[in-house]
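Alright, structures below, take your time with them.
Each of the next two complexes has chain A plus one more chain, namely chain B in the first and chain C in the second.
Right, the complex of A and B next:
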């Protein structure tokens, strides 16, 4: 059976060039980058080259880029690495953060930091007035994601950073869904810290990076040999770093082409949804990550739709997992925060396009989507 | 194949469910679940000489909800009302070749729907509103609808209810669950969901005990 992968916000297949680079570097650059012999120094040079490449692509200095195991670790460093320096001070985040930030923030709460959660409007954009109000409480940190993983809304991080800095707070952004998908420039954004993960931009899993602006103090969250200038101990994953840098380079080069295609395909998918009827596109209509579509179908169980699409060979994800262990309501905290009609909220799927997708796959998806939605509506109304 | 967590039979009953539809002027019918949770089932019965002559259902649920609706309507068709009432969730799941534990809630709903439709028929024909006064027994019956995912048996028969009282609209129960039980939250939420819906219940208090 045909398999169409439309879940690139979950993870992406590595570029063939990335796989090749991984394989080659594992075979030839196997030294420990901390060893002083030639084999080690070869690995060190390759690692530093990767760091430089990444830094250049986000307009940072090489020494501001720290290699980590991915988004979750980077987010944890941002929150747990700073909290001890500001005992008892509040922090601000948003209601629609990824669990890596949300759960860390809750943990900070139990360490005595009051946590303020910014609400979002119906497009999923954080409320800047609420931010201004909470900034009066002298928080030590504001952490707001660059782009949301479920609805794709791009947040006004630049404005958030400006407001927060005026009040002396540090600014972190979880940019896992943004880096490699839209241009990200840390100077322009003005953030102090940023998290990214390679597998979201066609790099390997288990590797990411943490941007830390020069002069900002962060304590390590794991103790060890003092790798990564003391911030992140543990033998460096040199092949991973090489592959990540290459993946980011390729993704950045492809921006114009992919964005153009995603725009065309988005129009095609939305037009098919219009034909099906009873749907809404979640997230901001313009300020969004290209290719990430959160679609809500009226009077449909989103999980059933995801399952039926899967059986027809199309992989998407659901934001409305009706698993009673998640929440009292079936759908996710993000969809819930948007305040949209329950009849729609339950019928939400996330479709995320990728660079390897082709026109035929989008055509196939559109047909299958229509068939599946109508089939499930039939289960409900008997027609 | 992508969806590996379902048996072939579940997949088949999800893709091509039997008895989907609505019976006009049904002899008995029910709607259980809520769209807020994401799952809702409606059941319709045609009864002839105490037997289920026809049965149809509509579902706004996930794959396991739809598949369970499909299989139990097949199982109930032609049976006497007493036989149909005796069909358990376990019977349906066995017939389907198993279901993943997280999906239990969605499939129990279909059994609830069948029983509620039979009850509706019985109330209509006897004229007796069988709505029981809520007492400890009724609460226990309701708790039997909460399945413990680890063994697939309800929490009452799993002997997890250690204490139960119902006074002035408040249900107080003690449930035996280990702090580290991965299904703890799951079980507690389901208890609240079931008990809060009972008539005359204003408050549900649960104490988790480890014995």
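Right, the complex of A and C next:
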């Protein structure tokens, strides 16, 4: 059976060049970057080159880029690495953050930091008026994601950073769904901290980076040998860093091509949805990550649609999960925050295109999507 | 593709039996446990204390669809007391969902049994 992968917001298949670089560096650059002998120094040079490459691609200084294990760790460094410096002070985040930030924020709450959660509008854009109001409480940190993982809405991070800095708060952005997908320039955004994860942009899993603006103080959350200039102890994953830098370089080079293709395919998918009827596209109509589509179908169970698509050879994800056994809603906190009609919210799937997709796969998906939605609506109508 | 569902569950989800709406039925019953617009409505036609015919309309997760289909086949032709004797676990086991937190797999039979109990007690 044909298998079409349309879940690139979950993870991406590494570029062939990335796999090659990974394999080669594991074989030839195996030294410990902290060792003083030639083998170690070879690894050190390769690591610093990767750091420089990453820094250049996001307009940072190399010493502002810290290699981590990925987005979750970077988010944890941003929140837990700063909170102890500002005991009892509030922090602001949004209702639609990834769990890596949401759960960390809740943990900070239990450590005595009041946490304010910014609401979003129906397009999933954070409420800047609420931000202004909460900023009066003198928070130490504002953490708002650059792009949402479920609906793709790109947040006004630049404006958020400006407002937060006027009130003396630090600014962190979880840019896991943005880096490698849209141009990210840390100077232009004006953030103090940023999180990224390589496997979202065709790099390896288990590696990411943390941007920390020069002069901003963050405490390490893991104690050890003082690697990564004391911020992130643990022997550096040099092959991973090399592969990540290469993946980001290739993704950035492909922006124009991928954005053009995604725009065309998005129009094709939405046109098919129009033919099917009873659907809505979630997220902001323009301010969005190209190729990430959150689609809600009226009177459909999203989990059933996702599974039926999978059984027909198409991998997408769903914001719905069976909650017949609990009092919780069956769909995610992000979809709930949008305040959309329940009849639509329950039938939400996320389709995320990738660089390796081809026209025939999109054609195939469109046909299968129509077939599956109509099949499930038939069950509901008793047909 | 790695199948996380049993072949039987997959088959009943993809090709549910007895979907529809009977024109002549003794009673219809709706599940009261589903949320967010999901629903099952069973139409049951009883004759001489037996389930002569059964059909349903459904919106829900793959497990509840498969369980409704499987249950509808299982009860068809059975007497009311035979239906009331069916153990919920039997359906869950046959469909390969043994995690008790998935209430959905037990819901179709529970819905039918609840209504049948009401029916016989008048």
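Note that the second predicted complex is superposed on the first by the 378 of 383 C-alpha atoms of A that agree within 3 Å, B and C clash if a C-alpha of one lies under 4 Å from a C-alpha of the other, contacts with A are read in each partner's own complex, and residues count from 1 in each chain.
Quick note on the criterion: contacts are C-beta pairs under 8 Å (C-beta built on N, C-alpha and C of every residue); 3 or more make two chains touch, one makes a residue touch a chain.
Predicted model, so just to flag it, every value in this text is computed and none were measured.
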{"item": "Clash or fit, chain B versus chain C on superposed chain A", "value": "clash"}
{"item": "Partner chain(s) touched by A:248 [first = chain B, second = chain C, both, neither]", "value": "neither"}
{"item": "Contacts of A:342 with chain B and chain C, given as first, second, both or neither", "value": "both"}
{"item": "Chain B versus chain C as contact partner of A:311, first or second or both or neither", "value": "both"}
{"item": "First, second, both or neither for A:4, with chain B first and chain C second", "value": "neither"}
{"item": "First, second, both or neither for A:381, with chain B first and chain C second", "value": "both"}
{"item": "Segment of chain B intruding into chain C (one of 21-29, 165-173, 183-191 or 201-209)", "value": "21-29"}
{"item": "Chain B and chain C footprints on chain A, overlapping residues", "value": "1, 3, 299-301, 303-304, 307-308, 310-311, 313, 320, 322-325, 329-331, 342-343, 346, 378-382"}
{"item": "Interface residues, chain C side, partner chain A - complex", "value": "1, 5, 10, 13-14, 16, 19-21, 33-39, 41, 55-65, 101-104, 107"}
{"item": "Chain B residues within the chain A interface of the complex", "value": "1-3, 11, 14-15, 17, 20-22, 35-39, 56, 58-63, 65-66, 102, 105-106, 183, 185-186, 189-190, 193"}
{"item": "Touching residues (chain side chain A, partner chain B) in the complex", "value": "1, 3, 299-304, 307-308, 310-311, 313, 315, 320, 322-325, 328-331, 342-343, 346, 378-382"}
{"item": "Chain C contact footprint on chain A (complex, rising order)", "value": "1, 3, 299-301, 303-304, 307-308, 310-311, 313, 320, 322-325, 329-331, 342-343, 345-346, 376, 378-383"}
